[in-house]
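To start, the structure under review is shown below, and the notes come after it.
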């Protein structure tokens, strides 16, 4: 399940962007230090392979509906965590652009949910220890299923947490996770078996590929992965903090969650009384009310319960009239550009004839 | 110009799974020659070609390009002298636009930006594909892809041009254009193909490879009419040489 | 035609649009990327219960669609396909937040419906702007812009490879799926086992292809470093476009233009 721009707040989005880009930079550095040249085309091709494989539907047993694979774990297994992570990140980037899956701001969250968890947690800490050195099909199956399920559960939890941190939905944590986790358990089981099937298939057809994937890219440096995870968490926290501080000193609609975390002490006390007052005065006196004041008054006013814009039919009537005018203008401008182009094309055509 | 010479001396090669692909191949191709390499599927043509720029290294024997013997240190230099056009243009064209793809090689030669751009233009102009410069390869027809593949190698200005199945899957007209393009090149040319008519049109000399060995080596005109030799190697007479026989067949029946 | 065929042609179509020649297409890819990002951040930074303040932002996608000659149908179709998750999460707002926020001529509108509508508007704006970015910018252009923005080279390069081979591998998958569909009837032959075999074939072929590509790369003097020629001139129009667009976003974000117009016209 992809996280979506519309559910995100800017500070959560940028925090995860920073974290994910940090991870990409770190992986790129690691790959540069220990470059296997053959890996570059292989990464690109396997990324493209994931797309092609996603386009092939299969019937989910017992339900009759059809599904497709996500592919994060198979990339981590075939490419190792660093190259695997970079490839997952670029698959998600292309998905966000070509398929509108997720969105550009949500890309950070999606890379985190579907990339960091499989490549840096499920692969080194679950898949590897379970397979160890005995690469029997049975072991690979168990390891794949368990690690894919775990990675997808973490990813689903990530979606829940990111959505709630952004504060755009009313869904409580418990209900949301109760809906997301079981669905992803089912998806994880199916995807786990498919991942196992694919690894075993390659193992039969081209054993040396699996061999080299297991041997030449050992995760002997789990210490460095731990460091990476720590740093990433820190980076995300700092960016989120800094950004939400900016957000709260600026007139935007604030981050409810971060407001809760930091309390309202950031805003100097005198402003609290003054600004709503100023806002009200301005609303009454000016034809063009300054939006800033009103929205700050909304957010400083209260906790979760009473963040209400001042209700009143007067505002909403002018709001509706304004909305109709704006949409009408937008439509006219678009239409105008189109017809202007058509006229020009026709002229060009005539002049050529 | 001695560096236009390719020489194989008793080259042996086997793949990691134990398949013996080359079992003592020897030949020498000199400056300006155009040589066809023919043989059945799995005879070792592609393996042979991969030795010409050191992608594969002989297990025994030696490969010389010009005065240089192929080994791990000379490999990079040899790759600048021998340009290989691979069988599948989708493998050959790996960059997302025609321009970037043709520029890839010259950039690796360490040329300046202006020099690279000039080379790209010249190479594309030579294969008559300048108009495709900014297109992505997946918007090209197979014939166009083939032309651009050749341009990618020409842009490196190699001394020796090697091609693996250049006419595979081409429609008759694209194939005809390819043949006239190939005839314009004054390089040393090595062409591996099943298309014996193409070899006959483009090459003066012909090597028959079978079972990892050179089965015959001589003027293309002589070898490609030797029916029993071709049959032994799972090949058939080129159409242009067998046409007369087919027509008599028709009359008899 | 199977779903696969349709999907395949859809992606191809979006990609073909990117190679048109219009004012929008000629803009510098990096500028378009930055403007799109600024647009998305401005839109999602609107508070939970805001709708009308976001409406002026529709000007941007509408401008790109009309100036860039992009068929509206294509964008709308894509929006429909990806909407379920957002709608699913958003639809709980009206159920859980039922306090009346506005009463309009006797009809009471709850805060939940307002915040749900706000999510939908944000969804329409952000997703369409992302789609319009690819529809008006060649993907390699975006990659080079990323390179310019200091994204690690190895990421950019394998992204270029990925884009190059999406279409090749999709075609290969298409051939395999057609062969499967021709010999499978109803649901038989489409289960997980046969799926794994089909995708396994595709995977092994892909790996083998990457080996051949590596041969091709090597034979053109690859030495472990990828070099790119970047033609990244900023023209005057690029700067004007970026300035106007970002200034507009800031104005629309800080002043409720809709409300202002409404007041002017209702008094």
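Lettered A, B and C in written order, each chain numbered from 1.
Convention: a contact is a pair of C-beta atoms (placed from the backbone, for glycine too) under 8 Å apart; a residue touches a chain by one contact, two chains touch by 3 or more.
Small disclaimer: the values here were computed from a predicted structure and weren't measured.
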Among all chain pairs, the one with the most C-beta contacts: A-C
Chain nearest the overall Cα centroid: C
Whole-Å gap separating subunit B and subunit C, where each centre is the average of the chain's CA atoms: 42
Centre-of-Cα separation between subunit C and subunit A, whole angstrom: 13
Distance from subunit B to subunit A - Cα centre to Cα centre, in angstrom: 48
In subunit B, residues with contacts to at least two other chains: 94
Residues of subunit C whose C-beta touches two or more other chains: 15, 139, 160-161, 163-165, 168, 209, 213, 217, 222
Interface hub residues of subunit A, defined as touching at least two other chains: 41
Touching residues (chain side subunit C, partner subunit A) in the complex: 3-4, 7-8, 11, 14-15, 36-37, 40-41, 43-53, 55-56, 58-59, 62-63, 65-67, 69, 78-79, 81-82, 85-86, 89-90, 92-93, 95-97, 101-104, 111-112, 115, 118-120, 122-123, 126-127, 129-131, 133-134, 139, 142, 151-155, 157-166, 168-170, 172-173, 176-177, 187, 190-200, 202-204, 206-211, 213-214, 217, 222, 224, 226, 254-267
Touching residues (chain side subunit B, partner subunit C) in the complex: 50, 53, 55, 76, 79-80, 82-84, 86, 88, 90-97, 99-100, 103-105, 107-109, 113, 116-117, 134-139, 152-153, 156
Residues of subunit C defined as touching subunit B within the complex: 15-16, 19, 138-140, 143, 160-161, 163-165, 167-168, 209, 212-213, 215-223, 227-229
List of subunit A residues in touch with subunit C within their complex: 1-2, 4-10, 13-14, 21, 24-25, 28-29, 31-32, 35, 37-38, 40-49, 51-53, 55-61, 64, 66, 69, 86-87, 89-91, 93-94, 96-101, 103-105, 163, 167-172, 175-176, 190, 193-194, 197-198, 201-202, 205-206, 209, 247, 251-254, 256, 287-292, 295, 298-299, 307-309, 311, 313, 315-323, 325-327, 329-331, 333-338, 341
